[in-house]
Amino acid sequence: MTSLELREINKNYGAYHALRGIDLSVAQGEFIVMVGPSGCGKSTLLKSIAGLEQISSGQILINGRDVSRQEPGDRGIAMVFQSYALYPHMTVAENMGFGLRMAKRPKAEIEAAVARAAKILRITDQLDKRPKQLSGGQRQRVAIGRAITRSPEVFLFDEPLSNLDAALRTQMRVELSSLHAELGATMVYVTHDQVEAMTMASRIVVLNQGVIEQVGSPLELYRNPDNLFVAGFLGAPRMNFLGVTVDAVSGRNVTVSAPGLVPVTVELAEAAALPKGAGLTLGVRPENISMVADGGEGGAIHGQVRLVEHLGRETILYVDAGNLRTIASESGTGNITVQLSYVAPFGPEQNVALKLDARELYLFSSDGGRTLSARKTILDR
Amino acid sequence: MTSLELREINKNYGAYHALRGIDLSVAQGEFIVMVGPSGCGKSTLLKSIAGLEQISSGQILINGRDVSRQEPGDRGIAMVFQSYALYPHMTVAENMGFGLRMAKRPKAEIEAAVARAAKILRITDQLDKRPKQLSGGQRQRVAIGRAITRSPEVFLFDEPLSNLDAALRTQMRVELSSLHAELGATMVYVTHDQVEAMTMASRIVVLNQGVIEQVGSPLELYRNPDNLFVAGFLGAPRMNFLGVTVDAVSGRNVTVSAPGLVPVTVELAEAAALPKGAGLTLGVRPENISMVADGGEGGAIHGQVRLVEHLGRETILYVDAGNLRTIASESGTGNITVQLSYVAPFGPEQNVALKLDARELYLFSSDGGRTLSARKTILDR
Amino acid sequence: MQTLWRRQRWWLTPTLLIAPAILLFSVVILLSAVRSVWISLHEWDGFGPMVWVGLGNYVELYSDPQFYVSLKNNLIWLVMFMAAPPIGLAIALLVNQKIAGMRFLKSLFFIPLVLASVTVGVVFTWVYTPEFGLLALIFRAFGATAPAVLSDEHFVTFAIVIAALWPQVTFCMVLYLAGLNNLSEELIGAGRVDGARGWNMLWHIVLPQLTQVTFIAIAVTVVGALRSFDMVSVMTSGGPFGSSSVLAYQMFEQSIFSYRFGYGAAIASVLFVIMAVFIVWYLSRIIRTEERGG
Amino acid sequence: AVGSFPIPAIAEAQEVTMISDENNAAALDALRAIAAGFSKEASVKVVINNMDHEAHKTAIRNYLVAGAPDVCSWFSGNRMRAFVKRGLFDDISDLVEKEKYKDVLGATIGAVTEDGKQYGLPTGGTLWGMFYRKDVFEQYGLTVPKTAEEFLAYGDKCKAAGITPVAMGTKELWPAAGWFDQMNLRINGLDKHMALMNGEMSYLDPALTPVFDQWEAMISKGFFTPNHTSFGWQEAAALLAQKKAGMMNLGAFLRSAFTEADLPQLAYATFPVLDAKVGHFEEFSVNSIHIPAKAKNKQGAREFLAYFYRPENLATYLEPGGNVPPRNDLPASKDPLVNIAVETMKTVQGTSQYYDRDSDPDMAQAGLVGFQEFMAKPDRRKAILTRLEGTRKRIYKI
Amino acid sequence: MYPRPIPETAVWQRRIYLLAVVVVLILWLCPLFAIILTSFRTTEDVMGGNLWGWPTGIGVIDNYTDVFTQTPMARYFLNSLIITIPSVIGVLVMSTLAGYVLSRYRFRGNMLIFALFVGGNFLPHQIMMIPVRDLMVQLDLIDTTAALIIFHVAFQTGFATLFMRNFIAALPDELFQAARAEGASPFQTLVHVAIPLVRPALAALAILIFTFIWNDYFWAVVLTVSDSVKPVTAGLANLRGEWVSAWNLISAGTIVVAVPPVVMFFLMQRHFIAGLTMGAVKG
């Protein structure tokens, strides 16, 4: 059953076109995670669904009802605001119970719901404080608590865990997932956290400049991004993009190379007439690059280590690959990011060779960045 | 040279003791990252350093001057507030230039500084907007911009990147690091992001309930946590803690076991008189566990897969290890977290055996969680 | 019914909420205002038959020298009264401290507003009285003779405005006291970090947060200046020889003393047109400020 | 004289309400006592609502139109006429006839008569004249000036002695007009004065020239309190009491400025004769009491008026305020100033009320301002008079 | 809080500050002392032109008792309360409702209605005398407290609406959005969100409106004649004579009449709470 349906949603702020023709259909009980760069319109979309922003055109249906003209309170939604929007004059408990109180629920029920939410959120001992006496993360949890006490049909979460520490975040993630499972409610969840997106979502929606770039399951998006934008957006550190030219095409295989890059062969999604010498973009995730000390064999790229970041066990290396042309890289200077899942014995200024995992290469057209390479298999569970 | 020195800082909110005897000495140009659970007092400490909260006792020295009684504006600090605290009546550009304007800097200089910060923060085209018209992430960047235009002696950042998307965050991380290198300013940086903490910090300060648990370089803290709290706090997913009893002690080696856990031997920091049968906590990071299908050899723990989370390349598995007693685990039901750096072919309900990396085991005393195991070597750069 | 209500609630509720105020206000105030305009087109002594004179009253007003004197005085009032908001703010800032006893002192600061305007006028007359007045006493202490300000065509309005400022400042003080309680601590903190203090803090951080209050304060001050009546009536009756009259007083004088309601209403209408200019400017400012998010 | 069934509804209708503007506490008490006496005698309840004088002037326009009481205070003369013309006061000629008031009222009846009908009863009058302190006169060897020349001499003598010849406070405007009235009466006589008051004479009439000439002479000689526009009459009267001024043109209420101990020093003199050919006219303002046309209980009001107007009642009411009784059959007052006034009134050939009571209110307002301005800026005489004339023309549609 | 609170610990600073405030207060209230001193004076003293000097004779008790005996002051006091309290409540209710709608709803004519409220506020009220009187006659309310209450509520609503609108408009938008999202009806939002947050404003408004209505005399004169409905200002005016004004009594009366609004101010300060909206939103 379709729980939430967005039809051709447009939203203008004066001359600024914040949402452009958003079409999305969400099934009952789905967990939709919305990601996209800052300012792409995620909050605007959530507020539009909630009815807090008047959409400029389009239709919003919740459980089949057209709610486009309905009051937010009548839409059966609950929302966690990015800016929290806590009632400063109410205690935490009052903040969380407010929605139920407005719905004239019995006191005992309200108290029970608040206590339950507080327990999940670990703020039971903060219930009598007021928002101004709370830390940022505590405020954020109150904001979440306020939404979950109401048990609505659709939850709208706007970066609800951004101010929590890792441990709490992991835990909240699990809690929200189990809440989701328990209530069977539909959730629309905005986050910038890759892990949250990957682990919680039934489907991820990638938004960019007010447009949906791709919708799909997390692994689908990760393994088979529709385009360069999605490929670059999911995965941290992000995929490396190299400017390459076509050397040869044979059936569904294309060989590309670039100055400083040993020719590599990539399988195409479909046989295509790629003229020789055409410019394409080659994508390779940092984790699909392995390193050997210079002189080691099989290196496709040679370069010099610029910066090493140790994340405990993992190591991220930024390698300067000389005259290799990288696209939209972090600092614009031909750096390639490599992520190793071991404590790597490389230091800055060391010359290294990089090996690319041939099965995990992506090819994108240079116009619009459409993905050209073959779909990668996704492991079944 | 000591840039910032905190001496015995205490801060009470009424009866609540938010900071307890904080002692810290920060050298000129250091990048201190402060981490700790939500509500532990990080923001309070930053505000105290800034002079926005009156400390209850103690002393704050900046570049040798005792600033405890000085006005925030005189302390030579700039701060990014967790709540942004943008001036709603000023445009983005005015917000960012305000500090310099107060310092009566020439207009051209202000404009240049603002333009530069805006470029770093990618908000050049937002300069004429007012905070109300910005998205959450854009606001946060303005708040950062406001701090960096001022180029102060000490920067105080309170979760400055929490509302940015991964790509932008990575980029901002690099930008802030290079800004740090360029200015040589001292930075105190609060974050919940493990990657930021590990990559940016000269030293990490772990705060817990108003007390400093440990101070040290990222890898130091990661490899050699002083106690169970620090061990659990750094690293995501967090370290697994198992309740174990001492089987035998021989010199600096202790053998521990538990029902469901094959005895393992751990090297102690120093020879100690651990009575046989004494209760200890064994720590092992998810990444130091490897999995074999049940029946595979070398398994220290046997269990059943509960949940599999695919993060693209990595996989996180939650394994139910039967009657093994785990401590302070995420959902309290004897789950062990395993992180594999490959797309793992395990599915829920599958029986598995877990192998622990013997060199990477940690032992903690059961009283207070002091680390008992030997120091792990840290790879030199 | 229930669903109808829920469906229509978004416009019904605000309509119902604002209806009583609009209803009462229109019936009592607006209708009266309209009737005043109607009256201004007549010659009328307040009880007899009204005689239609069209724009006659306005024509007469146009050539009435007293009208220009009053108008000029109103302008003086307007300009000088603009001192009330800043002084009121200054006092509000002075007393906005939590110290034992401050609440009591605050209440005392408030007294000028509650004194009957007759008394205020009289007291200030005492201040200005030649020979016995406070001003005279002070001047005498320095061996000088105080000017008889209330007898001087040129000084008299200034003297009255000063008296009228006393309660007006208090009025603004109360407004600002309320406003100062709505300041955002966080913004002030940010300003402190940015090095704003003293005047800069006030000007760049605090005042912008007080714009809404300042709007109110300016409105009441303008209203006070344009409606000024009591003080003129008590202190000089518009004298000496009409030189301190203001439009409202002239209107009152014409209506009540001279039994010329039509003429009085014409003055009021002109006064109102002047105010309308201000109101338009004022509202456009409010809208602009709000759009900025201030 | 009322029905035997005190049914509440009727009793309500039988109530007599009165609005007074009595500000003398003792006089108000007397009024209430009279009301109480009437209530007892007639078993009709009398409710007295007292109002302050200034507010009453505003209020009466409203209550005469809507919510009228049964009896109200007001002023005789032109101010009464304004309401009579609008039919707002009841004709009480019947009462006057029945109680034969004409016999006891003498000339003052004219003040409440319009077109031969009476619309009110005069209550108390104020006789205006020059007041001075006997001890001051003794101290400086002054004598009461009886003629224009004597007055000028008096003035010079005062100036020499360092006191102001005439205390004057024109903040309330009317004292300047009173001075004009006095001079005009002395120079042009009552008829011409009333012609001016009634709008029948021009303010530019040459007859007024000597008035303003002589007045200007006094002003330029500095006979009046300097900065008189800063002073209300009370402050000016204080100057007299404090021996800083020689005389003051006012009514007997001026005594309130004197302490109990100083009162015996206060003396009255008529305004000096400026032209011997002109008869003796005085300014005598009379307050009055009326029945509004919209009164509910006009019969009760008449009964109450009759009761109130009994000599003994009227006397107790007038005594505290020091007002001159309109009836000639009242016992002598304990107040010597009142008795002097009564005596003076016997020789007077005619009275005016006061500038602002005699002239059209619109004109009066303009005139009051004009005279104040003249006193402050005598050189503007021409402009002022031209302005007044313009006002007169407008009002009387000439 | 701004200005920055002087810390509790700086005892001396606090004392000196308080002292400075008292000094300013004394200068500020200079004219008031003339009134107080005058209310102590005897009539002779007043007539003697002793305005600023020390009273030569003490007439305090006489003066203050006269205020109550020469006029039905007690009755007037009661009337004033009967008029003022419902009026203030009425004004607060109406203006809060209207201000809320005007600040939180965008609809066509919003600004026009607001302009009318503001504009009505600017009318010189004397000009409305006759129309208002006629209205009250038509409603058969003339000479009742109801007439005064209705008029005051209507007239003050103009200013009060301007006041409340601006204060409510200054509250963060997100709070209202949150309430809407939580299904609070507009009225519930008003009661549970807006009103608690504008408490200082409501208190200030209550004080001001109370003062204005308490001090009104003009409309009392226009709309009432009976002592049984007149407010306390009438008593004050009654102390002024046709010719003679006993300033000592008037001063005493002024002080007596001024007491309730000052007490009101003192009590209402309880609601002047700083930082009410702290912690509400990030921004």
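To keep things simple, chains are lettered A, B, C, D and E as they appear, and every chain counts its residues starting from 1.
Just so we're on the same page, a contact is a pair of C-beta atoms (placed from the backbone, for glycine too) under 8 Å apart; a residue touches a chain by one contact, two chains touch by 3 or more.
In UniProt terms, the chains line up like this: A, B = ABC transporter ATP-binding protein; C = Sugar ABC transporter permease; E = sn-glycerol-3-phosphate transport system permease protein UgpE.
Bear in mind the structure is a predicted one, so any value in this text is a computation, not a measurement.
Peer 1: Chains in contact with chain B and with chain C: which ones?
Peer 2: Where chain B and chain C share a partner, that partner set is A, E.
Peer 1: Counting in whole Å, what is the centre-to-centre distance of chain D and chain E, each centre being its mean C-alpha position?
Peer 2: Chain centres of chain D and chain E, defined by C-alpha means, are spaced 39 Å apart.
Peer 1: At what distance in angstrom does the C-alpha mean of chain D lie from that of chain B?
Peer 2: From the centre of chain B to the centre of chain D is 94 Å.
Peer 1: Please work out the Cα centroid separation of chain A and chain C, and write it as a whole number of Å.
Peer 2: Between these chains, centre-to-centre, one finds 58 Å.
Peer 1: How many angstrom between the C-alpha centroids of chain D and chain C?
Peer 2: Using C-alpha averages as centres, the distance is 37 Å.
Peer 1: Among all residues of chain C, which ones touch two or more of the remaining chains?
Peer 2: Where chain C meets two or more other chains at a single residue, that happens at 9, 46, 129, 132, 184, 186, 209, 256.
Peer 1: Pull out every residue in chain E that's touching 2 or more other chains.
Peer 2: Correct list: 49, 129, 185, 217, 237, 240, 275-278, 281-283.
Peer 1: Among all residues of chain B, which ones touch two or more of the remaining chains?
Peer 2: Residues 82-83, 85-86, 88, 131-133, 136 of chain B touch two or more partner chains.
Peer 1: Any two chains that touch count here, so list every such pair.
Peer 2: A-B, A-C, A-E, B-C, B-E, C-D, C-E, D-E
Peer 1: Using the touch definition from the top, list the residues of chain C that touch chain D in their complex.
Peer 2: For chain C paired with chain D, touching residues are 45-48, 60, 125, 128-130, 132, 148-151, 236-242, 253-254, 256-260.
Peer 1: Contact residues on chain A for chain C in the complex?
Peer 2: 71, 74
Peer 1: Mind listing the chain C positions that touch chain B in their complex?
Peer 2: 184, 186-187, 189-197, 200, 204-205, 208-209, 211, 289, 292-294
Peer 1: How about chain D: which of its residues touch chain E in the complex?
Peer 2: 17, 19, 21, 23-25, 28, 47-55, 58-59, 62-63, 65-67, 69, 233-235, 237-239, 241-242, 251, 253, 256-260
Peer 1: Quick one: which bits of chain B touch chain C in the complex? Just the residue numbers, please.
Peer 2: Against chain C, the touching part of chain B is residues 47, 50-52, 71-74, 77-79, 81, 83, 85-90, 98-99, 102-103, 130-133, 146, 150.
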